[in-house]
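A short write-up of the structure that comes next.
Chain IDs A, B and C follow the sequence of writing; residue 1 opens each chain.
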Amino acid sequence: MNWQWLHRLGSPRWFYEKTNAWLPWLMVCAWGLLLVGGIWGLGFAPEDAKQRNSYRILYIHAPVAFISMSCYYIMAISGAVGLIWKMKLPFMVMKAAAPIGLGLTIVVLATGSIWGKPTWGTWWEWDARLTSYLILSFLYLGVIALQQAFQNRDTADKASAILALVGTVNIPIIYKSVDWWYTLHQPATLKIVGKSTIDPSMLYPLFVMIVGFYVFFTLVLILHTRTEILRRESRSQWVKDLVLGKSNTKGEGAES
Amino acid sequence: MTAAPALLELRNLACERDERYLFAQLNANFYAGQVVQILGPNGSGKTTLLRILAGVSKDFYGDIFWQSQPLKDTAWEYANDLLYLGHLPGIKKSLTPFENLRWYAAVQGGVADADLIKALAQVQLAGYENTPCYRLSAGQLRRVALARLAFSRAKVWVLDEPFTALDKSGVAELEAKLIAHAAAGGLVLVTSHQDINVPNLQLLNLLDFPVDAQLLNSHEDAAYG
Amino acid sequence: MANLSSFASSLFWATFKRDLILAFRHKGDMVNPLVFFLIAITMIPLALGPEKAVLMRIAPGIIWVMALLATLLSLDSLFRSDFDDGSLEQLLIAPYPLALSVFAKILVHWLATGLPLTLMAPLLGVMLSLPANAFAALCYSLLLGTAAMSLIGAVGAALTVSLRKGGVLISLIVMPLYIPILIFGASAVQTAALGEAYNMQLAVLGAGLAIALLLAPLAAAGALRVSVNA
């Protein structure tokens, strides 16, 4: 009995139709939160004593860093669900999540290096956090490369799901070891954000930005998943109806 | 006719490859004592069906029953009672025929060395026991793989194109082996591009299980216009 | 039960023995990573100059990186021939836990590449004027590290075995997973060169090896089932 909803959840069509209604709300929420947080953080939050205004890139850097990590877990968990319950939708979510995650890690690295220029005086510093995110981007690259390498889609899905799961076991180990490596080679004086330097008035807009970015991420993930659904289900009747129905209302019924 | 229950039962088997159904609604019962040839043109899914029946591939819809039990619950027993000879012979070229067979003996739980030598003699490879397989011809390699039949304790033989590269006498010997296995209460499922000369040969044509548009609509995810 | 367990050990041993024989008959596969290791290490003084102080400083890291690359080179052949000749299918359907027979194959892979790399490393340490007190650490860390790398690498090899050109892809997906091993392995040797205790690094490498022993054969077995289905 209880499995009914799970299987409905596993149906791409159900997901596609259900999310239709969510999209406008998500869009409004995401843009609203990001605008509020952005203006608050960039315009009204107090200036940092040491870093002056350059610290404000934190309002993008930190939320994106959080999400690029969660995205890996979302990808791996989707893959696991797909493997265990043999459902199609989770694999589509997984495939949609990988390039988004890669994009997010690139944003983390870019903002980190822009931040590093005024703070450390170099574009790249082998800082524990930046190094970890560099490795995370390699993990995403591996999953994407493996996914692309297979002709057969089912194999591509399952193989990259296994790789993502192996990566999940490894991520905490990689993080701990990179942290350890960093403290071994450099005294920890270069940390960008010491806990004491953050004032609560700086934190509130950060929270808004984190929530905003999460909603935005959800929106992008759903949109990518919907594209993937249409691509994979293009031969099924409901997608054909959907496409034909739309073109009919527009008055362009041309079809070869 | 047969009072005994089917050894192997396929119910509503369907297989999809790259968004194309190879066969669908495949229902069949296989009984002990049968030699069944699976027919169909190239690309109709013969090899895929055999790989499913051998447990190599698990990508299919429908159910398989082994001695009236769902295969999922009896996979271990079934694996113990199965001999699968695939499209690829599974022979290591840098090993000798004897070393190859010794590994296969371990797969089914150990066979005396003398029996392996006897098995090689049965496929006319006496004297070649210690010749590296890369020195053997394609037909001889196939014979090394077929030597597994001689010491097999499996009830079900799943053979994909076993006659490939065999000469006339090899074909006759293999046919005799299939007959003997069926007579001893075994089941043989075989594909072949040539006619098999076995009395009472059962045929299963995959073209008899075409893809039905109605069925596909019930699969929600794949429909053909 | 006793019958079952003797049966259980037999396919493991049969696969182990068969692969060991194969490894000795294909000596090239075994020797090539070693030769790569030697030549790649020779490149370093040629590129940086033979100054002893410099070489001494970088020797632990360089030897570890090269050992890692040599292991990567050897991974593609782990399941390749079994896949090509059909015996992988037979392994898959045998009434025997696939993870165990996969483990037998990984064990042979380590005996044929990881162990020789470890034994050869001191020689290369001499070439790079590694301090005398670091040789033991080099051997111990490589002994544990190459075993863990064989195990983790097997997952990558299993995922790519059905791809014709899996070689570069394996490196791409496996290298990030090797990072913790590299960090602690190289650090063990470096610490030893400074004359300090390196027990902690070895303990971490051992823990990593234990996790890999537990999970990698299972993951590789799952990956093989997916790959053979392709």
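Here is the rule we go by: contacts are C-beta pairs under 8 Å (C-beta built on N, C-alpha and C of every residue); 3 or more make two chains touch, one makes a residue touch a chain.
Small disclaimer: the values here were computed from a predicted structure and weren't measured.
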Graph class of chain-chain contacts, one of line, ring, star, complete, other: complete
Farthest chain relative to chain C (centres taken as mean CA coordinates): B
Centre-to-centre distance between chain B and chain A (centres being mean Cα positions), rounded to whole Å: 47
Inter-centroid spacing, chain C versus chain B (mean Cα positions, whole Å): 37
Separation of chain A from chain C, taking each centre as the mean of its C-alpha atoms, in whole Å: 33
Touching two or more other chains - residue numbers and ranges from chain C: 229
Sites on chain A at which at least two other chains make contact: 152, 154
Residues of chain B whose C-beta touches two or more other chains: 59
Chain B residues touching chain A - in the complex, by the definition given at the top: 18-19, 59, 217, 220-225
Touching residues (chain side chain A, partner chain B) in the complex: 11-13, 88, 152-154, 233, 235-237, 240
Contacting residues of chain C [partner chain B, same complex]: 7, 10-11, 13-15, 18, 21-22, 25-26, 81, 84-87, 89-90, 92-96, 225, 228-229
Residues of chain C that touch chain A when the two form their complex: 152, 155, 159-160, 162-163, 166, 169, 172-173, 175-177, 179-180, 183-184, 187, 204, 208, 211, 215, 219, 222-223, 226-227, 229-230
Chain B to chain C touching residues, read off their complex: 51, 54-59, 76, 79-80, 82, 84, 86-95, 99, 102-110
